[in-house]
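This structure is in structure tokens; I'll ask about it shortly.
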Amino acid sequence: MKRTGIFIESKAGVIKSANYGVIACAQKYSAKYNEEIYAFIIDEHSGQFSKNIVDNEKIKQGFSKNIIDNERIKQELGNRGIKYVIEVCIDPDHHENHKQHENIFNPVVWSDALIQAVIKYKISTLFALSTHIGKELLPRVAAQLDAPLIMDCLNVSKGDDVNRRDDDAGNEFDLAETFLYSGKTIATVKVTGNIRMFGIRPNVIEPCLQAQNYESEDSKAKIFPIVETFIAKTEQQKNIKLIETKTEDSSSGEHLLSADVIISGGRAMKNGENFKLLQDCADSIADLGAATAVGASRVAVDLGWVPYSMQVGQTGEKVSPKVYIACGISGSIQHFAGMKTSKMIIAINESPNAAIMSNCDYFVEADLFKILPELIKELKNTKRLRSYQ
Amino acid sequence: MNKKYDAIIIGAGVIGCPIAYELCKMGYKTLNVDKNPDAGEGSTAGSCAIVRAHYSTADGVAMAYEGFKYWLDWENYLDHVKDEKGLAKYMNTGSLLLKSEGHDWKKVKKNYDEVGVKYEEWDNEKIKQMIPPIDLHKFWPVTRPEDPKFYDEPTEMLEGGIFCPEGGYMNDPALSAHNIMRATEAKGGQFIFNAEVVSIRSENGRVVGITLKDGTQIDSPIVVNVGGPHSFKVNKMAEGVWEGCNIKTKALRHEVMYCPSPDDYDYLNKGYHMSDGDIACYSRPEVGNTFLIGSEDPKCDPQEWVDPDEFYAGKGGPGRDNQLTEAQWKAQCYRWAKRIPTLPVPNQPKGVVDLYDCSDDWIPIYDKSDLNGFYMAVGTSGNQYKNAPVVGRMMAELINACERQGLEHDKTPFQFKYQYTGRVMNVGFFSRKRAINKNSSFSVNG
Amino acid sequence: MKIFVCVKHVPDSAATIVVKDKNQIDERITFLLNPYDEYAVTEAVKLKKLLDNQAEVIAVSLGTADAEKTLRSAMAMGADRGILITTEDRQDSIITARALKAAIEQDCNIEVKDDLYQYGDLSLIFTGRESIDMVGMQTMFRIGAYFNIPVINNVVKFTPFIEDGRLSKAEVESLAGEGRKNIYEISCPCVLGAGRGLNTPSYPTFPDVVKARKKDVKIVPLDDLIKNLIINSIKYLISDSKFDNPQKEQKNGAEIINLELFAEQRTPKRIDGEPLEAAKEIVRILKQKAKVI
């Protein structure tokens, strides 16, 4: 029986919501031949120590926030029909200076752990998110396994292999869809090999829904997954050491790749100071329950108004939020390459001729400095009304 | 009932707008129709908007010098109209013409003297002092980077240049057309956009109106073709007009490049507009301390005559659509990089590709036509931006003389008096019936 | 000492892409040095200067004969010479990495003794963080795996440690997303994927272009290079059958079998009215259409 693996990214015991799209993709993929799905949990906030191996002393030392909450993850994944959950941990004895590094996510160490897990559980197809973590881990794993890897997939399916037998690896292949040539074409890529790996672009695949029948005690037992803890023996990293992780002041609580709503500014923002207006707007939307982030066009970054980490586009982040609000962004090919998969695009621009105005869902032809303050007021009113109810 | 106007102007670019403006001032009720969404969004937007006086004919020099006065007096010209987009600005940099085999600079100098254009002669030392990064070697003849000769070490030097303190560029060509549109509206003129003309209706040898793509018919006894690169297509729509022209127009593809200035040279604030026939390039400063580099169409460069509709739709195919080509990027930038040896040339081409509405002799046609009531201001060949306000006045007076004063322009050409310089221009010079003007440079230099 | 820069000849991001023959593109468009590789070349040339020019910067590329232009661009930006691995076809990341590995290995006289690599003249390999056409984001990791040397991608700051005129290790800042930077100490040789912000690319002047014309480009056909290639650095290597037995169908690889232009089908609707009305309408859309609040 072939096994499909999924790397699940979690943060302090909570599964990042974008993973549910990956699960949906893997489920559809493996359903064809009833293959089993193995979920590998890696926790961004260390996760070096599993609940199983943490004693009270360590909790006192402040490690408690890093423990993966097994029950919660078990439920979340069980509800979605996943039976096998493997919590991947790094053997603390082999991890240098772990106390100082409790919050450092070291991709070199982690990829090594994942490789061991993939081999141990005989995974033949691997799915993960094309997030920053995915971009660090997947290529490292693929390189060490010499396995083919397609990043930023929009969809993955099994190829038509009519002569397939269960143990016949000979004719098996997968088909992955991904953007090529600066987002201008969608390619179908035929992927062959004993292990095939896919990074899925966050938020492009509809997330899988919870199964409804787990509520009864009877079915709960059947659905709840088998959780194993896999402790990887990591080698001392002699030729590469992670010394430090710096976090830039990133004002938008949530981040671009996981945001439901992104509000971005371009040349018409005039200066960096004015991005506060976008932040206010994002905060007001966030107060109403949506994960938000503030983005920027390349011009705004090149002019030094905002840091590069906020750039959306070909040479910045490639995002797929539910709503992308472009303020004073003309909409170059390179910008579209980074946000064209947004579900809805709203453009606010003074110029009716800006490219974005003819390639969006809604547009307001007006000065953003007149619209945004009203929008912020209106969002705040919405909140008040709701809280009175 | 169809809407009716005294005059319909096809095109709302930098020449279509001033023609309407001047007609409005004479009391005509005008309508400009344009396929684009706003004024100046066609080939005007792609213009380098250079304001310089050197032309190969005295008439050319005189007209450019007259035009210069309009740009200087921009707010007055617009009758202090308000434009919500702001006003285009004239940037006076001064204009340097390098003496080279590529230009008939002796003729230019003679023309300057004749018209009274102010100028100084600079020797190499003076040029070097004014433009520190310049290399004044003679690179003639003009070649392409594919040709090994392109890389030959130069041995001779150029022999200085002619500097006009009066010269520069308009900072936003599309905006300048928009400004004139607002001025025209203030005098009662009307504009419709996203409106493509599909036929020009005529009865008994006289134009009666136009029909738009959506079927709308608009009537007028006067129709003026200012269609820019589309002009030849518009002429073909009007009965007998295309056939009646001895000089024809076509759309020529043209690339203009942006290259960053060397770090230690403030070209934006200290640089000049330069015309360099030795390497067949011209340049002017652009925002971001950038060199805008245009080509003077040397013989070794290919000429692509294209269908304007396919071109703008991006369907002309490689080298024939509105995408810069790598070969031309290298040709133009490397030519200029010979002149400025510290100029960094990025790997990614950046610039503008647009069309010239080019006539057979690179001199425009400002004329009536063989169809009564149908006029044309076409074949501007990439060198008439600077003349636009003058052309507006001249065309309006020509139309008025023919329509209201019974002038037989083909027999006794209209004589147009320049407002600022006082010279008189024989408009017959721009006749559609003329023989090809052998004095022309047959290039963007006009 | 040798510093290698792996560069790629890619279509300009501004070019109009036309699909032909199902999975090919019309190549009569501008191809250029992959923009991220500009940072890689610039950094390699900077490093050479830090080494008192006692090093050679070699640009390596896999591509069609036309890719020589990209090598010339890299050389105009300061690389000393080039190696062009020629192929008519588009190659996947596994083959590309193997070819680059083989070319670098040949150039450096790298040997394996007692299962340990003797890296010879190899000091460092730079790449761009990704290519803008294929965006595979993996070739640098594969090169590292094939040589058994460490890899850091998306490098935004590079501080080499030079001891006795030789490069021993480096401190490297890598952009980890969400505004985070990881700082590593990495031993050399290593592979570094250059990210935006690593430096300001130094574009060539005309004298640089003239110089680059005279620099040497060695041309090696791909097949010659990887025919006898032995990969022994990969400890988890499961199947290498692709190269042992090309007839056997199963191989580790990725092949583009179909390309379609991505046509955006959005029909813009205008939001009219005074700012207040427009703002109300946006809130209504967020609530009722997008259902995000």
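Things to note:
So that you can tell them apart, the chains are marked A, B and C in the order they are listed, and the count of residues begins at 1 in each.
The rule is simple: a residue touches a chain if its C-beta (ideal position, glycine included) is under 8 Å from a C-beta of that chain, and two chains touch if they have at least 3 such contacts.
Quantities reported herein were computed from a predicted structural model and do not represent experimental measurements.
Here B-C and A-C were compared by C-beta pairs in contact; the pair with more is A-C. Taking the mean of all protein Cα atoms as the centre, the chain whose own Cα mean lies nearest is C. Mean C-alpha positions place chain A and chain B at a centre distance of 52 Å. Centroids built from CA atoms put chain C at 44 Å from chain B. Taking each chain's centre as the average of its CA atoms, chain A and chain C sit 24 Å apart. The multi-chain contact residues of chain B, meaning those touching 2 or more other chains, do not exist; every residue touches at most one other chain. Residues of chain C in contact with two or more other chains: 13-14, 35.
The part of chain B that touches chain C in the complex is made up of residues 151, 260, 314, 317-319, 321, 323-326, 329, 334, 337-338, 341-349. Only residues 11, 13-14, 17, 19, 23, 25, 35-36, 92-94, 97, 132-138, 140-142, 144-145, 149-154, 171, 173, 175-187, 190, 196-197, 231, 234-240, 248-262, 264, 266-271, 275-276, 278-280, 282-283, 285-287, 289-290, 292-293 of chain C touch chain A when the two sit together in their complex. Within the complex formed with chain B, the chain A residues making contact are 352-353.
Residues 104-108, 115, 119, 131-133, 135-136, 138-140, 142-152, 169-172, 175-176, 178-195, 238-250, 255-257, 260-261, 285, 288-290, 307-309, 314-315, 317, 322-323, 325, 333-334, 336-337, 340, 343-347, 357-366, 370-371, 373-375, 377-379, 382 of chain A are the ones touching chain C in the complex. Listing the residues of chain B that touch chain A in their complex gives 37-38, 41.
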